[in-house]
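One structure, as structure tokens, below. Some questions next.
Each chain carries a letter (A, B, C, D, E, F, G and H) given by its place in the written order, and its residues are counted from 1.
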């Protein structure tokens, strides 16, 4: 682990568990405890979590839907979902695991961000009914699969930067998430920035860095 | 030319001029005149039109924006744009050549269809302001490039079938039109059907076949 | 669920079950019953159906071949297969699950559509023997995998619009269905419109919208 | 040049002119004359032919449509188109340059093969009207672009091997010829074998080798 | 089944078992027996074969390596491997299942073709040691995965047509077999024709058609 | 033009000139002047600029390197490059046109942002020498083509959000810019967000929105 | 097996076990023993190793992390990791299986090469801290997945040739390893050469050949 | 320019001229002269060279076939082609520009390397006739387009490392050079390492680094 990364970049390294053995994960957890560090683990499937030794698993706050685990108490930044500067908007139920990975990563840093769900553009009114609430966020994380039309519609309606997280939800041409990814990149609405498919953690990290820019910015005479 | 196709399928063959020499085009025009047939020519660039012999060019009604030409007077189906059963919706100015290929192909069959332009979803209100008018069409031809979000938003708002025509408008990942094509195919709104990139003629042919279905349908006790 | 979608677009939202847990499906079924709505569920595998609680499963009319389930009695539109305005043409036995997804979705709306099967173009005479019957349909749903040659041959023989449903049947270069999809889009026969790979439901929804266009059309002085 | 190749394989090397300078082509022609060999040159555009020195160009039998040139008199195998064992079937006018590259390569070896043109499957009857004639060929070279449906239909109707030559004719998804190529490879009709896109020469070479197999075969007690 | 195909094309339809249920396979076998026809089944895995009812399985001559089954006694064309006009050349051990699918399909038609194995070009001498034997075949079926260099080397050494069967053997960029496929299509040695990845049956069918061309050819005054 | 977009989203629509005729551009400029609006035009090549009527061209501040034009005086936000909150980092000389498109778009909004050039990672020390200066920016726009390694190295060294702009600089596998794009998306350093290939304007718009988030953020008790 | 390959090329053939049955592997091992040869087996999963007969498995030195096995004692070239001319640099923990395949293949030839791990560029200082040690190697094998930025950074810092081994570590756009592969090929730092994804054995073989070049070189008056 | 790179890595930076203006190139040349450095310029087309100011062009040793230019006298390493440790093997005439880019880059460093041309594997004997000469090189640069079979055949015959340079020579599926690239990466002969398509300079740089390894190696007790 690059323990120094948080100091340099403001965001710690996450532990991608997908190809790690239970022993490797246990070793990383032990190293973190020895250094009195917190950890955020991603892509830890329910089966992989169950394979951990009980004394390791017992240390972790595990969430099966997002397949994430947290070691150590989250930071307390004093915000609540009600007035969170970051909002997560998800197109459909199938996008929730990725949306929740972002939520958990934000919680790890003390942000309690709300998820506004089921606002895909095929049912445009559901999105428009909530648009005023969404406009209050300083940064919007948008999570969508299939054709990813949500990204463009949303970015055309809000002043906040929109971090698009394409998901691998879809079939046929949409298998794997590239259609949603490309739709986000090709968006005719400017202000959309994009992270890798299913990368909820990366979106959260970027949102935090943007707030950091804002915070830093708040102490200068301004742009 | 397959002169019999119109009788079998209700829509005549179009002449794709892209790889044809002036002599080949002249020969096809001559054959059509000899049989007293009308012709619809597509992808006839301004340079290619200029290369035709004057006596051939003089016979054609040429439109440079859509790169189409018509031999013979269009059918008169007695409709006007105001009450056309088919409407063409175009996302942006750059999509107009393809939208106009559809318009010209409809005109060839006696339909005066309107183009509702500049209603891309990044400026959602422009679309919503015109949605009532669009809802009156029996068939909607939607033309969009870039990320193609228009297809999903539109299909979620109207009861008519939506024929998506992705265009090759775009750059970077959107070069060539595949992002818009895939977005149309992966649309989370059902009722979207798709034709090849830039294929305005094909969309018009399909729209006419749908109306034919409707017309035939109108004479039976019906579904 | 977007309960309002049927009113706006004439076709209700389908429930894509592929990534949903038994609990999520049960919740959607319960919500539909509370609102006294019918539901159409797609991509519900036999294993996923077996995982549902018996009181939920007992409410559903399940079809394992197409992996679809229906909650509530289908509409009765008064048609029978014999005189259905919509026909389904399938190239081979392996395409039947997708053809049946379309059939079930049509049945959900009260249409009893026939499937004309095993008419792939390698055995052209089998198709030609049935072509007169196919010509009587107002809308044709064509289902084929592999190289998808059926779409072009069929569209050159009938006046009805042909909705091509490419299937993921095939191996080697045809794995996943993109060859059939591209063949449908590149068809040299006009009047072919295309939906996503394996999307039988989408084809049915589009067919119904086309009939709706026809029906609406039937009440006006016509095109 | 690999002057020995014809002896080993029965077919001489062709000269692909696409990236060669006039000087390089002149040198190859001179070398062939010095060895008293014939040459077959492909992809020699009209502009490239015009750039050759007159004394070089004057030695060549040049055909602009197929962009091929021949040095030396063709072999005389004693066949005429009427009873040629090899037939070339082309889907459309735009496929003729490739069909003609095959015709010229066969002529180079003394075979006068006919081209049966404009038999694309969207106008199925045009193909069926000529199918008896096509059935008389021992080897069929089929040339088609777009969606390449001709390959499957043809192979389902004839007993001869079908050599599919996909062409780069098409636009949108069909740009470059990969859709026709994949359709040929994925054909549900067995007996289709495939060469590279636009490779009329390669198809001719393979057809000659097949006849050679037949010829050799004819002299043994045989299968 | 298209029982008439063999009469039209000289090669019967094969039964692709990959997506068929035991019941569907049993029905096809029963239909064949009722018509007193023989059957060739491909892609019937050991698990799928084991799932067949014993009375169905008992009728079949099953080969697990090639995953093929035969119903009925093979034709007896009177050839033996020693003097077979068709030879199968395989690059490596991992290519044997596909090579054997070709061998079994040939046996189904009465041809006992030999497999020359382990002659990949990285060990060129192994190929050269056997090249004289290979040169005696009238048609060569070449089976190779990875980078498919065998196809070009072989076609540069023999006068017979070479039917390239790319296999899905490989990893990294070679996963799925497209590198070998493209190498076959792009071969700088002419006379290579190509079938779909892993399509041993298709290669056998094409080889038989080529012999048929030869046989038919043998009865005419010839080319 | 969507004149209302700036009010809704904080960033006005840019005019993508790539497929627009001189007349269309003149009409848009006239419309902007009639409404007393400023305009930012992108992808206006030197040839296209030269084709504009002199009275139109005379109104524009044109920059050939970035192919951008500005109508109207830029906003004056009171910043200078020396203390700009936004910095642009470019890997090589060939990336400068895209970097300058971002610089010009920022200037249009009153930000004078510096470009730190020639800091590609093959010469790592050049980047490290300037890293302290780069660390002072609140938002970093990184511009790189080829393999795009700059994005990861940079994001591992700074606390600011990094907006990656992949460029189409490169050849062979890097042609078109997808390698740099994918490298940015797959970055093992979190906090990288990505826009379309060559989209300098989009990066500038996103950077401004991030500052807006920061500014808005600065007036609340904060996260 | 091509037993003669080592004599010709200096490196023996490896046995790729991925698609081989336990019987096939046993036969190869028996053949090697009969000829008194050593063997290196790759892609032998733990399950495949467990399926070997005990008397075969007992002969092998098996390493589960790299999925490799060795028959026979390794050569003893007299080097130790401390002064090995070849060094292996791995970006992250997930890349270790591939790095270890290289290490084991080197060990098979008597080279004890060290692995420098966890030096991905997102934590640049970890790499820089070890760069002096890395600079002492004559050949560097670099192993990285995701965006593969390590290859460029490393090649810009060392004088030794860098053999890039992209790994299939990654998700979303990085799935399968092509992003890392392309990044290596497009590297703006010259001197990077590349092998197939996950091909640790190939990198080791190439490194040995380079040392051989050096060795041979050492006996001549030099370049 | 990264003037320090040669000291760090043994190979100087090359100047890729493809997107540089005459002014930018002149500035780089001037900077090199001011520092008394030599320069190697690649992808400088004849048209671009002609566009340079005469006083700049006059300083350069320009080679139109390889589109390279050299500023300053090459190093004199005292080798001649006859005993060069590096050999360049090219499959066909069309590959010569890339082969010559490598030759010129080697000459820039004082190595006079020979090109062995026209040894493509379709004419295997031409390669075998020269194999003894090729075996004498310490490092082999192999240049081939189309299907790239040369790489595997060569690497199976020599003990030296083979640096494969795929070229963009080819058409149809081989357009752009990816087939040759993938064939090199998937080679079943180990010891092949690969550089980007058409990257003759990169191959030369890698070859020099390998010799450097050898040289360094020669001075240690060594493996």
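The criterion applied here is as follows: contacts are C-beta pairs under 8 Å (C-beta built on N, C-alpha and C of every residue); 3 or more make two chains touch, one makes a residue touch a chain.
This is a predicted model, so every value here is computed, not measured.
K.L.:
Which chain's mean C-alpha position is the greatest distance from subunit E's?
P.N.:
F
K.L.:
What's the distance between the Cα centroids of subunit D and subunit G, rounded to whole Å?
P.N.:
Chain centroid spacing, subunit D to subunit G, equals 46 Å.
K.L.:
Could you give the separation in Å between the centres of subunit G and subunit H, each centre being the mean of its C-alpha atoms?
P.N.:
Averaging C-alpha atoms per chain gives centres 25 Å apart.
K.L.:
Quick one: subunit E and subunit G, Cα centre-to-centre, how many Å?
P.N.:
So the centre of subunit E lies 36 Å away from the centre of subunit G.
K.L.:
In subunit D, which residues are in touch with two or more of the other chains?
P.N.:
Touching at least two other chains: 5, 13, 122-123, 155-157, 172-174, 178, 181, 185-186, 189, 196-197.
K.L.:
Looking at the whole structure, which two-chain pairs count as touching?
P.N.:
A-B, A-C, A-F, A-G, B-C, B-D, B-F, C-D, C-E, D-E, D-H, E-G, E-H, F-G, F-H, G-H
K.L.:
In the complex, go through subunit C and note every residue touching subunit A.
P.N.:
Counting only subunit C, the residues touching subunit A are 2, 4-5, 13, 16, 18-20, 24, 43, 168, 176-178, 181, 196-199.
K.L.:
Under the definition above, what is the set of subunit B residues touching subunit A in their complex?
P.N.:
Where subunit B meets subunit A, its residues are 91-92, 120-124, 146-149, 151-153, 155-157, 170, 172-174, 178-179, 182-189.
K.L.:
Using the touch definition up top, name the residues of subunit F that touch subunit A in the complex.
P.N.:
5, 8-11, 13-14, 77, 79, 85-86, 111, 138-139, 155-161, 163, 181, 185-186, 189-197, 201-202, 205-206, 209-220, 222-223
K.L.:
Which of the residues in subunit A end up touching subunit C in this complex?
P.N.:
Residues in contact with subunit C: 93-94, 118, 122-123, 125-126, 169, 171-175.
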